[in-house]
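Next, two complexes with chain A in common: one pairs it with chain B, the other with chain C.
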Partner chain A sequence: MWVTLQRRDVRTIAHYTGLLIVGIGLAMIVPLVTAVSLKEWAPALDYLMGMGISCAAGMTLALLSPKNTPLNRSNALIVTALAWLAASLVAALPLALSGNYGSYLDALFDAMSGLTTSGLTLVQDLDHLALSHNMWRHFTHLIGGQGIVVAAVSIAIGLRGGAMSLYIAEGRDEKILPNVMHTTRFIWFVTSVYVALGTIALTIVNLTIGMEPVRSGLHAFWATIATYDTGGFGPQSMNALYYHSGVFEFVTVVLMIAGTLNFNLHADVWRGDRGELFKNIEARAWSTNVVVLVVFSTLGLAATRVFTGVPEIIRKGVYHIFSANTGTGHQTLYAAQWARDYGGLAMGAVILAMAFGGMASSTAGGIKALRLGVIFKGIVWRIHESLAPKSAVITERFHHLDDRELTDALLNNALMVFMLYMFTYVTGALIGAAYGYPMGEALFESVSAAANVGLSTGITNPAMPTVLKLVYILQMWAGRLEFVALFALFASFVVSFGRRRTEGRSS
Partner chain B sequence: MEGIRFHSPYHHWVIGLLAEVATFVAFMLFVGVVAYLVSLIG
Partner chain C sequence: MRRVLTLLLAITVFALMPTAALGAAAIVDVTPATLASLTEDLDGATVRFSGEVVSEALRADETHVWLNVSGDGVAMGVYLPAEMADKVTTFGDYAHSGDVVEIVGVYHEACDEHGGDMDVHATELTLITPGTEREQRPQLWKGVVGVVGLIVAFTQSRRPRDASDKRYSSD
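Up next, the complex of A and B:
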């Protein structure tokens, strides 16, 4: 039976969505303070207006519904799906007012890209963008990466009835620590430690390559949150290539891996169980993926002979596989070089790296190593079964935090999400190809959007067709939510609207 | 499972962090060596 939305459900959903919008409005204090302290008065006004509009709209929605309404599972799914759209709609306001975007749609594209930690961008004249606007763009990675929902849990909703349902709906369905406040605090704790260390390390790198101190610190903070939250925005149009520094690339790869590590693994290792890093099926599947893809990428680059010398081939090949597989999307190439210089094999390896993605319960996108590991085990299981005598009961086990038995339900779930990602990747590529882009580049860009990566062959630019901008926005949204929450949103609207119409007709 | 508290039982977190970073760097070096060997063949 399909559950239809009642008036009460709509009010509950509006209440929680409103609170999240207020949260985004309050987060604009960060770029506002940046603007005021750096005397960027025009951007400061943009953020004041953005805060005013989002707080007013959010409070209106929040007041529509009685407080303390418990949030059930289906409503929590809908709030989660809507939260990313609602948050993007308001986060785009100050960007649209900045004058660096061709339209509100372009600003919305960047806001969705930032909040879903993708990293594709439609900003114009990025190299001269106000520092406060850059602060906001990068800050959306932090907000979205740590989860709008987790942020809302820790700031606004506290331990009221709805908090746990919101957390479960976000595709992070494993409880790391026994209750939601501890979980949220743990996530923020790990994040703060990595962000602090990363910022210090990259500030030193930036100072040694000759940047002034304030700029060094700002660039370091932005690069750290963009890599740790596997986002991919950069304050310069050349992205990571701007720094021309091997040490910068090394530090960012460490941050990328930390960002793609399952928070359950962080929890286990930080509690003292360091063996889990090596036993875990997801860690094994992810590292195997990276090694195999690096082999293909290096072979491809060596064959094209564009990059001279072994060190250069390794530097480019390894960096982009890590960047793609963790869903970060920092690149040390010009966009046009992907199609022109990178060669089919190496580019194919990068596309696969993006499509496979990092680990679950992290900010990485894509299919996720846990699902690939489970699917691989499933294949072994079926082969084993087919070879065994009929009466034998074959079981397959794997280690993910505990020793677990592989079940049909687990395998089905993993295969379903795998299929949905594949379908989304291919659909986006076909739409891109329909607009006349070469199929390889269209596939690259589509996978990059749907797996929340952010590497770009140059298709994503302000002059691209509007429909394609909308398709990529939808792909980033769907990919971040791993489909289920988004489908729940569409299904409940269709079912509720459909029922009401039929009821209206029969009466 | 015993409840994990945020404050007191975090004695291990510094060692945990160092272990993580050391593992990441070791893995990057391993990947680098694999890439080096492959590029020699390629």
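Up next, the complex of A and C:
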């Protein structure tokens, strides 16, 4: 039986969505302070206006239900799905006001891309964008990377009544500490440590290459959060190429790996249990993926003969496989080089790396290594079963934080998400191809959007067709939510609307 | 004999012509966008382009620096001797339009010396137009909308929101 939304449900959903919108509005203090500090007065007013509209709209919605209204599981799923769209709609306001976007839709594209830590961008004249706007673009990676709900719960903006439901609905399953508030604070603590270390390391790199101190620090902070949160935005149009530094690339690869690590594994490492890293099915599946794809990528690069030296083949191959697989999306290539210089095999390896994705309960996108590990175990299980005598009961076990038995339910869940990702990848590619883009490049871009990666063959640009912009926005949104919350949102609206129409006719 | 000499002279001139023509065509006029789009096979060619400097001089090694030069919306890394880069005093950012320079140099689709990155090794840099400040005029109406919004939000947040409130009793 389908549950229809009652008026009380709609008010509850509006209440929580409103609180999350207020949270995004309050987060605009960061770019506002940046703008005032750097005397960027025009952008400062963009953020004041963005804050005012977000807080007023959010509080108005929040008033539709009393404080601490309980939130059931289905409503939590709907709030989570809506929160990402609502957050993007308000986060886009100051960007649209900046004058660096062709339309509000382009700004919305970047806001969704930032919050979902995708990294595809439609910004124009990025090299002249205000530092405060760059702060906001990158800050959306930090907010979205930890999860909008985690961000909101950890600053306790009044979500107490539904914090746990929302936390689970957002696709997070970390039970690092018994209390959701403590868990989210642990997530922020780990993030703060990596962000601090990354910022210090990259500031030193930037100062060494001759950037002035303020720009060094800001660029380092942005590169760190864009990398650790596996986002991929850059403050300059050349992205990672801007710095011409192998050390910069090395530091960002380390941050990419830290960003793609499951938060439960972070917690184990933090507690001193490094053994978990070696026996965990997800860590094994992820490292196997990366090693195999790096080999394919380097072989492919060698075959094109454009990159002639072994060090440069390895550097380009390793960097882009890590960037793709972790969902970061930094690139040290120009868009046209993917098709011509990178070559078919290496480009194929990068597409697979994006499609597979990093680890669950991290900021990475894609299918996720845990699901791939489970599916691989499932295949072994079925083969084992088919070879065993009929009377034999064959079980398959795997280790993920603790020893578990592989069940049909687990396998079916992994296969369902796998199929949904594949369907989304292919659908986006077909739509891109229908607009006349070469199929390989259309597939690359579609996978990049749906897996929240951000690498681009150049299809994503302000002049691209509006429908394709909407398709990629939808793909980024669906990919970040891993489909279920989004389907719950659509199903609720369709069922509720359908019932209302039926009731209206019968009365 | 005169005819033979004339013929020899004509052959010599004809033979030298392509060389002279090739010499004239040795520098190819491009933009950073055409280099990055790979529409022409120019790897190893000497190219000339102009564009706005959008980075400070970034140290490459003991004697050389990088300048990122933007034209047609695409920026290209230019590797050049540090003293040559001294001519550049303003780089483009939010507050400035950077110096516009003309670069002559060798284009590398995947530079062996620099980790396979696409770049241009400059042999000449000419300052065409000095950088200027960009005017950014704040629009006060945005601030007014923002303040009104914050007042509305603050007022709303002060309203009672207990479940016993009659506003919620109709549910």
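Here is the rule we use: the second predicted complex is superposed on the first by the 502 of 507 C-alpha atoms of A that agree within 3 Å, B and C clash if a C-alpha of one lies under 4 Å from a C-alpha of the other, contacts with A are read in each partner's own complex, and residues count from 1 in each chain.
Here, a residue touches a chain if its C-beta (ideal position, glycine included) is under 8 Å from a C-beta of that chain, and two chains touch if they have at least 3 such contacts.
The shown structure was predicted, so the numbers you read here are calculated from the model rather than taken from an experiment.
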{"item": "Partner chain(s) touched by A:313 [first = chain B, second = chain C, both, neither]", "value": "both"}
{"item": "First (chain B), second (chain C), both or neither touched by A:460", "value": "neither"}
{"item": "First, second, both or neither for A:266, with chain B first and chain C second", "value": "first"}
{"item": "Contacts of A:331 with chain B and chain C, given as first, second, both or neither", "value": "neither"}
{"item": "Touched chain A residues, chain B compared with chain C", "value": "C"}
{"item": "First, second, both or neither for A:294, with chain B first and chain C second", "value": "first"}
{"item": "First, second, both or neither for A:227, with chain B first and chain C second", "value": "neither"}
{"item": "Touching partner for A:52 - first (chain B), second (chain C), both, neither", "value": "second"}
{"item": "Partner chain in contact with A:186 - chain B first, chain C second, else both or neither", "value": "first"}
{"item": "Common interface residues of chain A - those touching chain B in one complex and chain C in the other", "value": "313"}
{"item": "Of chain C, residues touching chain A in the complex", "value": "36-38, 54-60, 65-66, 68, 70, 73-75, 77, 79, 92-94, 97, 109-110, 112, 114-119, 134, 136-140, 142-143, 145-150, 152-153, 156-157, 159, 161-163, 165, 168, 171"}
{"item": "Residues of chain B touching chain A in the complex", "value": "1, 3-6, 9-10, 12-13, 15-17, 19-21, 23-25, 27-28, 30-32, 34-36, 38-42"}
{"item": "Parts of chain A lying in touch with chain B, wherever the complex brings them together", "value": "177-179, 182, 185-186, 189, 193, 250, 253-254, 257-258, 261, 266-267, 269-272, 274, 277, 287, 290-291, 294-295, 297-299, 301-303, 310, 313-314, 317-318, 322"}
{"item": "Complex interface listing, chain A residues touching chain C", "value": "7-8, 11, 22, 25, 40-42, 44-56, 58-60, 62-63, 65-67, 69, 97, 124-125, 127-131, 208-212, 215, 236-238, 241-244, 246, 249, 306-309, 311-313, 315-316, 332-337, 340-341"}
